[in-house]
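Next up, some structures in structure tokens.
Two complexes, one shared chain (chain A), two partners (chain B, chain C).
Right after this comes the complex of A and B.
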């Protein structure tokens, strides 16, 4: 199948989801998958293309959710509240970036983790602003162009449009000279510096881009739940989205989307049967990192090939492998 | 006046606990180049082990020691079975410790339930000690003494023994240490177990102050991270100073600006990152 045909088929499938999944429960899960896919795509800009693993991205996602909920509760309209929240996210991303880009690799991971935990602590303890553990309720969803988003299906289409915008912007970004230079800073930062590129600035802009889409996902999540609580910013959320990126395969466009679908479905299925989602999450994390560091799809292919060649060679070499 | 002084004692005792937690964290970081994200879990697991032994009627100090040994064993298993497989892949190692921290937290919730379990200080140390018209809680002073003793012991171990010299060599330059015949991978295991043991011990010692509850790991880990960002990796002195700074900021912050205590912790970290990214006593930027 040619590429345009594949894209058209995927669009058709996505657009027709509410028609064939039936139940609004499943439509909502589809919306969740799309929201997390936007979030995972955003994180993938840093993890996959910049080689910077952030464990504080739930902080940026959460700032979006909280800012929107707080402004709405303060009586703002939907559009100005969302725009103000996005501005705030860009500001917060800039602060995050300036602090965490002091380091790369493990240092970067550690600083983003500390920043994320501080935001979580704030959301949890700064009760007069955030309502603490009780969170903030959002009483209404917006009605862009007069279309109310209260039902599951209209909200799904709203999310789908933003998801497509995110995928489109990522595709443009990856193919752009800027995307290429970002990959350059990932693989050869010294050579990039020697070639006259400002490595820090490239990473900074990539961080803003990533923070922006994380924030958009946060806004969507806030509208989806019509509620925010400190859980949104917890380390578990950062780890979950990182798992989506890693499990699907970093540095690809489809990987994070597949990872988001996988984790959201697993989470919903798992929580229907067992209470111990965190145990499952942790175990999958450990297993993927140890056995399939390149992601589930390429990892399964490799494992299959290895088993296959192993089985074929085994008799000839007397099983000494 | 006496209230502020009392707060000072509380700060120093929290600083002492944080030192016990972050000394191992910092050494592991300095040597293996990874922040061990299960370190908060070791602290919490140690406290749970300790409380279980106490409920069986054990002596407090014996329970603390046995818990420390138990956590050292857990740490040894993690290092040998999982981290060893990923030698040289720092990022993968960090992610494994992250996954493990989730598993340990959930297993603790399964075994010990969701309610906080308070536990008492050892019998002789429960009251308060009047010194010059001010009444100090005895147990907190004891915690300070214990922290000082362990700090001195760790310092002696690192500075005055052959093993300590090998650890320092590994922290400074792993490749050169290997070349000179030090079995760095064995040092990794020793330091990892030692760090885990001290963290588990701290969990029990801290129990009468903090009690033990689900989420204790998540409360302690960021504090250890901030201490190490402040003090620098692989430096005992840095961990000590960082712990004291955070102990004071946390306690005074809680009283003066209860809702913003976390922001106040964040400020020194911000200054350090901007002006001295290797930390106060660190040798290299992580």
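Right after this comes the complex of A and C.
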């Protein structure tokens, strides 16, 4: 199948989800997959293309959720609240980036982890602002161009549009000269400096791009649940999205999407049948690490090629006998 | 005006003085060879010139401009390019992509997140031409990980030349090459036009001596002897230190 045909088929499947899954419960799960896919794609900009593993991205995601919920509770309209929340996310991403880009590797991971934990602590303890454990309720969803997003299906399409915008912007970014510069700083930062690149600034801009889409995912998640609690900022959320990226395949566009689908489906669907679904998810991660260390998507491609050449060779071998 | 003027350059790692009061002046268009035993401070000198290391004392001027405090990343834009003794390339990318990254480094296009890199025909043609110059055009699409050591050495040189430098620093360009590859690289270095000044570190005296006009001998971070080829080779200190006399 050619690439445009594959893209068209994927679009058709995504656009028709509410028609064939039937039940609004499953439409909501599809929305959740798309929201987490946007989040995982955003983190993948840093993990896959910049080689910077962040364990604090739930902080940026959570800032988006909290800012939106707080502003809506304060009586702001949906559009100004969302725009203000996005600006705040860009500001927070810049602060995160300035503090954490002093290091790479484990140092970067530890700084982002610490920053994420500080935000979680604030959300949990600064009760006058965040409501602490009780969180903040959101009373309504927006109605862009007069289309109310209250039902599961309209909200799914709203999420799908933003998801496609995220995928599109990532695809353009990765194929651009700036994307090539970023990958260069991942593989040979020292050489990149000697070639005249500003490695720090390239990483900083990539961090902003990643933070922006993490924030968009956070806004969607806030509207999806119509509620925010400190859970969205917890270390577990940062680790979960990182696992989505790694299990799906870092540095690929499809990997984080597949990873998001895997984790969300296990969490929501498998948990209905198996009480210890966490154990199953863990076993799946272990299997991925052992059999497809490069991630689900690149691993499946490799397996498919191997089977394909195996099948083509088999008849030839039979004929020789 | 000299291409490179270094005065009283000093650098110490703890108690180890790796560069001790080095003075070095290279004229425009000159071919300079720097020799010296292992640990003489030759590569450290290169790292100080490119800014990867900060000197403790002294000054470096590039074409009359003081660059001692200039950030490393800005120096290529003044016409400074180098190759590495330990190959420092992008292993996941093709040869073409390696050289393209080198060209992008001096182009404002490197900041562009919207256009497609594979549609930048002028840039890609220039990258192919740079590979052609080192005889690797046929391997342009091959991933770097699937090339030989000698080919990678030539990619290093292609990347440096692609930036159209005015001062080119070559750190052991012949290291680890076969006899045939040496001849090819030798011819390649000879073909570099005279508007490029070349400073080269090399152990292989046979190939390197022929390329150089002036030679600087370093030992324990200091310049011991400097002069023409004949002067340095005949100097008693050279025989004592380097030729094991």
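Some notes on this structure:
Rule of thumb we're sticking to: the second predicted complex is superposed on the first by the 274 of 321 C-alpha atoms of A that agree within 3 Å, B and C clash if a C-alpha of one lies under 4 Å from a C-alpha of the other, contacts with A are read in each partner's own complex, and residues count from 1 in each chain.
One rule holds for everything that comes next: a contact is a pair of C-beta atoms (placed from the backbone, for glycine too) under 8 Å apart; a residue touches a chain by one contact, two chains touch by 3 or more.
Bear in mind that the values here come from a model prediction, so they are computed numbers and not experimental data.
Of the two partner chains placed by the overlay, only chain B lies in contact with A:107; chain C stays clear of it.
Looking at the shared chain after the overlay, A:83 reaches neither chain B nor chain C. Look at A:192: by the touch rule set out above, it reaches chain C but stays clear of chain B. More residues of chain A lie in contact with B than with the other chain of the pair chain B and chain C. Common to the chain B-facing and chain C-facing surfaces of chain A is no residue whatsoever.
Listed in rising order, the residues of chain A touching chain C in the complex are 172-173, 175-181, 183-184, 187-188, 190-199, 209.
For chain C in complex with chain A, the touching residues are 50, 52, 72-77, 82, 84, 88-93, 97, 100-102, 104-107, 109-118, 120, 159, 163.
Chain A contributes residues 53, 55, 99, 102-103, 105-107, 109-111, 113-115, 117-118, 121-122, 125-129, 234-236, 239, 242, 246, 276, 278-279, 281-286, 289-290, 293 to its touches with chain B in the complex. Residues of chain B touching chain A in their complex: 33-35, 37, 82, 85-86, 89-92, 94-96, 98-103, 105-107, 110, 218, 221-222, 225-226, 228-229, 258-263, 265-266, 269-270, 273-274, 277, 285-286.
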